[in-house]
Amino acid sequence: MGANAGMKLDSMYQEIILDHYRNPHHKGLRDPFDTEVHHVNPTCGDEVTLRVKLDGTGADAKVVDVSYEGHGCSISQASASVMTDLVIGRTVVDALKVQEEFLHLMQSKGQAEPDEDVLEDAVAFAGVSKFPARVKCALLGWMAWRDATTQVMEGQK
Amino acid sequence: MTHTLPGLLDTDAIRKDFPVLSRTLHDGKPLVYLDNAATSQKPKQVLDALNRYYEMHNANVHRGVHVLAEEATALYEGARDKVAEFINAPSRDEVVFTKNSSEALNLVANMLTWADEPFRVGPGSDVVITEMEHHSNIVPWQLLCQRTGAKLKWFGLTDDGRLDLSNIEQVITEETKVVSVVHTSNILGTVNPLDAIVRRAHDVGALVVVDASQAAPHVPLDVQALEADFVAFTGHKMLAPTGIGVLWGRLGLLEELPPFLGGGEMIETVTMSASTYAPAPHKFEAGTPPIAQAVGLGAAIDYLNAIGMDKVAAHEHALTAYAIDALKSVEGLEIIGPDTALDRGAAISFKFGDLHPHDVGQVLDEQGIAVRVGHHCARPVCLRYGVPATTRASFYLYSTPGEVDALVAGLEHVRGFFG
Amino acid sequence: MTHTLPGLLDTDAIRKDFPVLSRTLHDGKPLVYLDNAATSQKPKQVLDALNRYYEMHNANVHRGVHVLAEEATALYEGARDKVAEFINAPSRDEVVFTKNSSEALNLVANMLTWADEPFRVGPGSDVVITEMEHHSNIVPWQLLCQRTGAKLKWFGLTDDGRLDLSNIEQVITEETKVVSVVHTSNILGTVNPLDAIVRRAHDVGALVVVDASQAAPHVPLDVQALEADFVAFTGHKMLAPTGIGVLWGRLGLLEELPPFLGGGEMIETVTMSASTYAPAPHKFEAGTPPIAQAVGLGAAIDYLNAIGMDKVAAHEHALTAYAIDALKSVEGLEIIGPDTALDRGAAISFKFGDLHPHDVGQVLDEQGIAVRVGHHCARPVCLRYGVPATTRASFYLYSTPGEVDALVAGLEHVRGFFG
Amino acid sequence: MGANAGMKLDSMYQEIILDHYRNPHHKGLRDPFDTEVHHVNPTCGDEVTLRVKLDGTGADAKVVDVSYEGHGCSISQASASVMTDLVIGRTVVDALKVQEEFLHLMQSKGQAEPDEDVLEDAVAFAGVSKFPARVKCALLGWMAWRDATTQVMEGQK
């Protein structure tokens, strides 16, 4: 036991994370948008309201904008900020790949080697995956984005 | 009389793990514990797990960011993983911790009390049980029927202690919403032919609940092979602490059916006017769960796995065959239930001449032999076989042929005492 | 800063009884356990009682004539006697063992779901709670109201964390069937003026349920003085094992109201078509109860009695006053709840600048300080005070002023970390 | 009686008890009777059906007959037999006094000194009071008698 005994807190609170927390990117709800979702982390009360605006349909669909508002801890806020950097401007197909890579990293309990080419700033969250209680925080914004995007794509069919 | 029956476990080694088994009673008589169907004894490995939990890791689970809370959560959820693997559950989220089998069975009955279509139970629908159920698998269904207006039906028993399924098409019909049946009877020892019941129930669209309280401790239990919809069992009969039970249920059903107890841990979000619920299994675990007890159950499962459930089953089967033979040789003794070891668990009920089981049990106790006497929470079985009560000896992985011999000798002594 | 506050217990001696309190975390930092409102730690006296039970006396209770069964029954029922005396119950038969507070509260809500006149709850009747309830005292009543058509009403909160009883005549009316209210809030620490509520409720003929989960561990609890009809509390918060709770109820009500869980132990006589029920408390204890856990609760009560509940209360009161003063001196810290020790328990929630409680808790943990962060199963309170969550420090009889100092120093470190 | 039986067991299964068990007095249901009751011991399944016939009313009421049928252990059967000996022929007031004395003895956990003048053969049950699981057996017939008698007396008012 003692999963994180002796572990450096610094491995969770990377400077990149604290930077995004202090100066979040793309924060605030913006128009226009295709859909808006509200996600809650019941174990801690973190909440996010998130909007996506796509352009095009099917395999060509592109993420034009992601905007959000919410309250939560540094991890959930920073993670949402990093996420917007990574998905805005990408095709939905590519962005979903990044999301899956991030999900994989977070579920790895500190074991995965993150791919910096894919995850960029999000590699900083590798340390969070060692703290089971915080994994959900890091995933909140990503899951909300995935949900909203799926809703838009389904609606287009 | 041979004490090296094929299939026996190394009970000398096993018994050393169980502190209580070296206890003596009544001026030095060694304890002969033959009351395992009521509850099992606990190996020190389980007690060590409990002590370690309380001395090192104790905290409330979930929603904690401190080390103890994370450790306690990992241990509690780790126990869920162990249970899921032990019963071959398709998903760990199908394992709901309760306080005992009785709560698990009531949980199902209560979900159905409040269920919407297609699960709604009401006037015009039937609930089917059997005459060999434990009271904990009778009363919840009686309450469900009283409260919803459904009708309770049941399978009767044959003279040799088996389910009478000859009228299965009349008992389980299109009106049947749920069939709840015991895997292994705690009073008769009978192992029931669940296949036929599951098949018929599913043909008519009924849910199937299996009371595996006397199966999980004794034989390999595979919920996928059973093909039932819910399976209930209880920790204290399988080397684990009191205060912990399990309901396994199909994930789709756990998602669709309404919650039972409301409170902390089972919610998604709460406002004063309305709440939404967490996904299964947490939806059914209101309040602080039996954390240490789940950890103890995990340790019990480790212990059983280290021996192997197939080996446990083989041991008990050999011992039961031996015991049935030995008991049949006792004059005036009549077994209530199947009198061969075929499709049979390790609980053997009997009548002993005209002596009342209370008197039999009391005089056996004086010799250090612990059996259970009474209706064993299965009074309809006693009514069916025209006895007020039975004496029941029941075995487990640490029971020995020598203990069977002690029982037989004890019964001869009982006869002399009242003779 | 003085560490010899008047009223403090000899915590040096007491802490030696709690093995976990000498644990170190994160490279040798001593554990500062300030999460007592979530669950308490266990003294070795309680663990010894558990081990003794399992190693010497373990058996299923009731209906056994053998020695172990008699001993287990005597220990289990002896624990009931201890609980009855601890809360000054008029009769031991009024003490029902459950698995936790949540089950106890659900038990009452379920009895009322199925009750006949004069207790029947339905369209046109009201259920009253408060905005400071734990989810376990909200969701059961929401379910009751959804299922019976009754209306849920509640008392709001004042800005300083107290119940707003200014409209008590409008909230509790002739339509009110039951009022369920927390004795001491687990998130705000508020001790509520139950007298006024009980008086008004009884004037209109409503039943009163008191959630004493945060009271029984901390102050002398006298159910006769409270004059409520039901009182619920939970063992794990009062030095006892997980898996055990208590519902106290007036005997007449327990006799008249319908059962909750059905099964073994709770019956008088069972036939396939109908059953009658045992008298209280057994009527409400279906299945094998949490035997060892009740024994552990008895040992916890012995431990608390040996110290004296009035002394425990005085210790916590002194410590709470000290902690409130100390915390108020921390820049940017805002207490959510009463900010004096008057009519207040030993749980203190606060906001710390703009920092999210998760982050506060995580950085405190790194220093060995265990606090709880989140909505503490009282989300409506967070909504009421416009915070997503709080950080909560909560004390018990082994907590020390030194630990308060460590918390304050820890918070300064948190500020620096995110500064 | 068996040679090896310990002290404790002999203290329960007194010879007097075994005699009453083997040859119960007043057993079988008889006419005439004023009322009949059926009592059950839920913890062991012992049952008794019992009839009483009184003569007179109020303080003068006399127990004319008590008859019973049932199944149960030696203790419950012997106790019912002893009870009939003790109450038949007595005034209800006196019989209730004996019943109370017996109840007191059974609740004494082996501590009471039974009054042989009042309890006669029933003193043999002193040992049973040390076996908590068996006390209810010893009381079954007595409680049924008390219940039946109370019902008749109430009916007379």
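Going by the order they are written in, the chains are A, B, C and D; count residues from 1 in each one.
Simple rule for what comes next: a contact is a pair of C-beta atoms (placed from the backbone, for glycine too) under 8 Å apart; a residue touches a chain by one contact, two chains touch by 3 or more.
Keep in mind that this is a model prediction, so the values were computed, not measured.
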item: Remotest chain, chain C as reference, centres from CA atoms; value: D
item: A-B against A-C, pair bridged by the larger set of C-beta contacts; value: A-C
item: Between chain B and chain A, distance of the C-alpha-averaged centres to the nearest whole Å; value: 45
item: Rounded Å distance, chain B centre to chain C centre (Cα mean); value: 31
item: Whole-Å separation of chain centres (CA-atom averages), chain B against chain D; value: 38
item: Interface hub residues of chain C, defined as touching at least two other chains; value: 25-26, 63-65, 69, 267, 269, 358, 362, 373-374, 379
item: For chain A, residues contacting two or more additional chains; value: 2, 4-5, 43-44, 131, 134
item: List of chain B residues in touch with chain D within their complex; value: 26-27, 356-359, 362-363, 366, 373-375, 379, 382, 388-389, 413, 416-418
item: Complex contact set, residues of chain D against chain C; value: 40, 42-44, 131-134
item: Residues on chain A engaged by chain C in the complex (per definition of touch); value: 2, 4-7, 9, 12-13, 18, 43-47, 71-77, 131, 134, 137
item: Chain A-facing residues of chain B, complex; value: 56-57, 62-65, 67, 69-71, 73-75, 267-269, 278
item: Chain B - residues contacting chain C, complex; value: 19-20, 23, 25-26, 31, 33, 35, 38-39, 41-42, 47, 50-51, 54-60, 63-69, 99-103, 105-106, 109, 114, 131, 134-140, 142-143, 147, 152, 154, 234, 236, 241-245, 259, 261-267, 269-275, 286-293, 358, 361-362, 364-365, 369-374, 377, 379-380, 383
